[in-house]
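Each structure below appears as structure tokens.
The two complexes that follow have chain A in common; it is paired with chain B in the first and with chain C in the second.
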Partner chain A sequence: MSILLSAIEFLHNEPVRVALIVGGGAALVCAVVGVATVMQRQSFAGHALADVSSAGGSAAYLLGLNPLLGFLGLAAAAAGVLEWSEIREARERDLLTGVVLGAGLGLAALLLYFAATVRNASGAALTVLFGSMFTIPATIVPLALAVTVVALTVSALVHRPLLVSAVSVDLARAQGIRVRAVSLAHALALALAVALAAMTVGAILSTALLIGPAAAALRVARRPAAAVALAAAIGLGATWGGIILAYESFYWTPGRGWPVSFFIVALVFAAYLTAGVLATHGPRRAAAHPSGCEAH
Partner chain B sequence: MSGTAALSVEGACVALGGRSVLREVTFGLEPGEFCALIGSNGSGKTTLLRAILGFLPLAAGRIRLNGVVGAPGPIGYVPQKIALDPALPLRARDVVTLGLDGARLGLSWPSKARRIEVDRMLRAVGADGFAEQRIGLLSGGQQQRVLVAHALVRRPKLLLLDEPLANLDVRSSAEIVALLRRLSREYGAAVLLSAHDMNPLLSAMDRIVYLANGAAVAGRPEEVVRTEVLSSLYGYHVDVVRVHGRVVVVAAEAGEQIHEAVARDPVHTASVP
Partner chain C sequence: MFAPFMLHAWLVATMVAIVGGAVGFFVVARRAAFAAHALPLGAFPGAAVASLLGVNELFGLALFSGVGVIAITQLQRGERREVASALWLALALAVGVLLLSLSGAYAQSLYGLLFGEVLGISRAQVLGVALLSALALALLALLARPLLLESLSGDLAAAAFGRARSLEGAFLLIVALSTAMAVPVVGALLVFSLMVGPASGARAYTDRPWRALLLSVLLSLAVVWSALALTYLTDGPVGFFVGALSAVCYVAGRRRSLRAGAGS
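Up next, the complex of A and B:
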């Protein structure tokens, strides 16, 4: 009975409701986009977008705008730069990605300094970089839901051409797939996912929500659809579980509770480790390659 | 020759970065014909295949597929050296399914007709035994079978394979060649297969396109693989030697008249001892 009462109290709390909705959308989008991103080996690009988006989040704080708009704007701009640069060679792409990432974080440092000195918003840095789910304003919800729907739609549209591209870009082109257009669509979805994740767990930690559940799912799933479903379950479980744990931590930690981002990222990490154990000791894998895998 | 050629390459020239890579390449393929595209590394084999696929523009000449320029039907293609990531969550079956509908947008729903088609294709290439395994965990020969199924599942009239026998052992090579030979007849698809060694293909090929330094001679093997024809192609004397049922093309002298690209690799189609 007391559990039920506290559950009702939990769900009647507006910051909690906003956190559950925005975080849930972010987790879903990240799962879907994250699986494709890991399969395209673009995890590093995903992280770079997140770091660059921190400058947008910072600017939004400085100007008093909707922070999601800030994250979105710069993540999309950075995705555009990386996409239009047309670099296919992995090493060069990593270099450009690294340089863009550094420039973005540097800009964020300046904007956060202004936010602290000019607007006296010294908490902005912590919120932008590491997230603060219980302080997300309710006014964000419609935009967050719209971004969620757009990102899921774009991902669903291009998922088959993207899979062929993951096997081989030449194979995709021979099949008549417009590889550039598909890649651009995926970059857009990635920017949307990163912005939602930055809103949820902060720009720095957004990679954890984007890549973590996807990487864990890909360790055990044998099919793309199963990987997406499992990643979604892990992402939603970690996000909502993290919100519940952080909410509860008001009662069992000294002070005012621990940050939601910590709990979410810790749960994602635990899922990744568990998937690793399942992948190496699970019955399926053992049957798939009977011993001696490392012999050669 | 009857009906429309599956492929006709007419005086095709390709330049890459200002350098002429293919010069006046001309040949044709009828439906169901099996053609080997032979040449050493750097002779332009991959460039020719990419030009046929429309990945590279022609500087001159034209390429027609089923009699039409620039509006190709489906072309089956098995690219060179695909590194299939073992972590990719795709079973052999999924790869073949993507050959059927991978270009479509939107979600894919289970379809019985599609499953039957994919099952039939997997059986045709002898991949039904490992259809449910991850593509990245299969052996090289098994992966080639799956990629051939991916390429053929839309019933193209032309199948291009770029060095499909590289990295395969002798037995797997022979099996893949026999499989392609059989499927090209069954499906009425012209097969153009590139290789640096013609020997595994001797019994299978109806035609040969022999590339050297961007120029080509084409025809029936007995017309092309001859001392005077290949010497004329190379621009210096080479001997076509038949020994123990194998064909070896040997440059007569590794002297000053031999082209640089050849000096590095004087024995062109010799099999590895």
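Up next, the complex of A and C:
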């Protein structure tokens, strides 16, 4: 009974509800986009977009705009630079990603410095980089839901062509797939996912939500569709579990809650380790390949 | 600009630039940009622990860099390399932010750790950085040939020098040492752009590896010294100047190699 009562109290709390909705949407989008990202070895690019998006978050903080728009704008700009460069060779792409990331973080440093000196908001760095779920304004919910829907639609549309072009660009062209458009659409979905995740766990921790559940799922699932479903379950579980634990933590250390982002990342990491144990000791995969669906 | 209170900053920045330029050459050659980004960020909770315990930050940073090397090499087993870096980075940062929030040492120290702080570098820090620089450079000199050979041909290096995994571990250790010492000055987020920018620019100007290495060190010195001077003049964050100037190095190198490619 008391558990039920505290559950009702928990759900009646507006910041908690906003966190559950925005975080849930972010977890879903990240699961779908993340599986494709991990399979295409674009984890670094995903992380770079997130880091660059922190400059957008800082700019929004400085100008008093909607933070999701800030994250979104710069993540999309960074994705545009990476796509537009048309560099495909792995080493060069790695370098360009690194340089874009560095320049973006430098810009974030500058904007946060202005936020601290001009607006006297020295907590901005913590909020933008590490997230602050219980302070997300409720006005953000419609936009967050819209972004979630758009991102899910785009990734559902490009899912199959993306897999084909990941296997072979020539094969994709032969099937009439417009490889460049597909890759652009995926970059857009990645930017949307990163922006949502940055809202949830903060710009530099969003990598955990994007890569962690997907990598964990790919360790045990054999087919991409199963991997997406499993990643979504892990992501949602970690995000909502993290919110509940952070809410509870107000009682552990009186007067000071533990950061939500910490719990979410810790749960994601635990899921990843568990998946590793299942993959190596599980009954179904006696002689299996250790790296999930890489062969697809 | 060269006032006594800036002396420590110039000394430390110079050492950081030399080591960063040299290690960066190998980071670029070995495509280890993400690891070079993840290691200093993973060292970040070390600084939080050190400030909780009241000891020299460098000890905490070096310790957690070492933990990061072990974590990344362990996570890499049977897994994609960049996933290992991504997971370690996120986990370490999350622990760091938990420690910071529990200790109550909030905003200003966080900003300094992430984006760099040139003022208030103590004599003990200068000595610590000198020690770590010497160690990193010595290790690098010892391993330079196998590392270079391996980045050209893994099989050849394995035949000549033995197992690749221990070499990868040793290389990550060098990266960890050299990034840990730079964190308090340049900041955890931007140390790595000092390794990637100058080295990738240098590569475009010469085909010879040792000359490229030297040029990378010189460019890195130019970047750090200019960043420090600009910080002094404008009072802006040092990390911004390092990130922007590193990007300039990359773009200059890229333009040159594109032009060379078109001319030939």
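One rule holds for everything that comes next: the second predicted complex is superposed on the first by the 284 of 296 C-alpha atoms of A that agree within 3 Å, B and C clash if a C-alpha of one lies under 4 Å from a C-alpha of the other, contacts with A are read in each partner's own complex, and residues count from 1 in each chain.
The criterion applied here is as follows: a contact is a pair of C-beta atoms (placed from the backbone, for glycine too) under 8 Å apart; a residue touches a chain by one contact, two chains touch by 3 or more.
Source: prediction; values computed, not measured.
*Asks:* According to the stated criteria, A:Val158 is in contact with first (chain B), second (chain C), both, or neither; which is it?
*Replies:* first
*Asks:* Tell me the contact category for A:Ala172 with respect to chain B and chain C: first, second, both or neither.
*Replies:* First partner only, chain B.
*Asks:* Examine A:Phe10 and indicate which partner it touches, taking first as chain B and second as chain C; both and neither are also allowed.
*Replies:* In the superposition, A:Phe10 contacts neither chain B nor chain C.
*Asks:* If we overlay the two complexes on their shared chain A, which of chain B and chain C does A:Arg223 touch? Say first, second, both or neither.
*Replies:* Touch partner of A:Arg223: chain B, not chain C.
*Asks:* Comparing chain C with chain B, which touches more residues belonging to chain A?
*Replies:* For chain A, the partner with the higher number of touched residues is C.
*Asks:* Is A:Trp240 touching the first partner chain B, the second partner chain C, both, or neither of them?
*Replies:* Touch status of A:Trp240: no partner.
*Asks:* Which chain A residues lie in the overlap of the chain B contact set and the chain C contact set?
*Replies:* Residues common to the chain A contacts of chain C and of chain B are 219, listed in rising order.
*Asks:* Could you list, by residue number, the parts of chain A that touch chain B in their complex?
*Replies:* Against chain B, chain A makes touches at 39, 156-161, 163-164, 166-168, 170-177, 218-219, 221-224, 226-227, 288-289.
*Asks:* Would you tell me which residues of chain C are touching chain A in their complex?
*Replies:* On the chain C side, the touching residues are 28, 31, 33-34, 36-37, 41, 77-80, 82-83, 85-87, 89-91, 93-95, 97-98, 101-102, 104, 106-108, 110-111, 114-116, 187, 189-190, 192-193, 196-197, 200, 236-237, 239-244, 246-247, 250-251.
*Asks:* Which of the residues in chain B come into contact with chain A in the complex?
*Replies:* That would be residues 53, 55, 74-77, 79, 82, 84-85, 87-91, 94-95, 98-99, 101-108, 133-135, 137, 150, 160 of chain B.
*Asks:* Flag every residue of chain A that touches chain C in the complex, lowest number first.
*Replies:* Within the complex, chain A contacts chain C at residues 38, 41, 43-44, 46-47, 51, 90-91, 94-110, 112-113, 116, 122-123, 125-126, 129-130, 204-205, 207-208, 211-212, 215, 219, 253, 256, 258-259, 261-262, 264-266, 268-269, 272, 290-291, 294.
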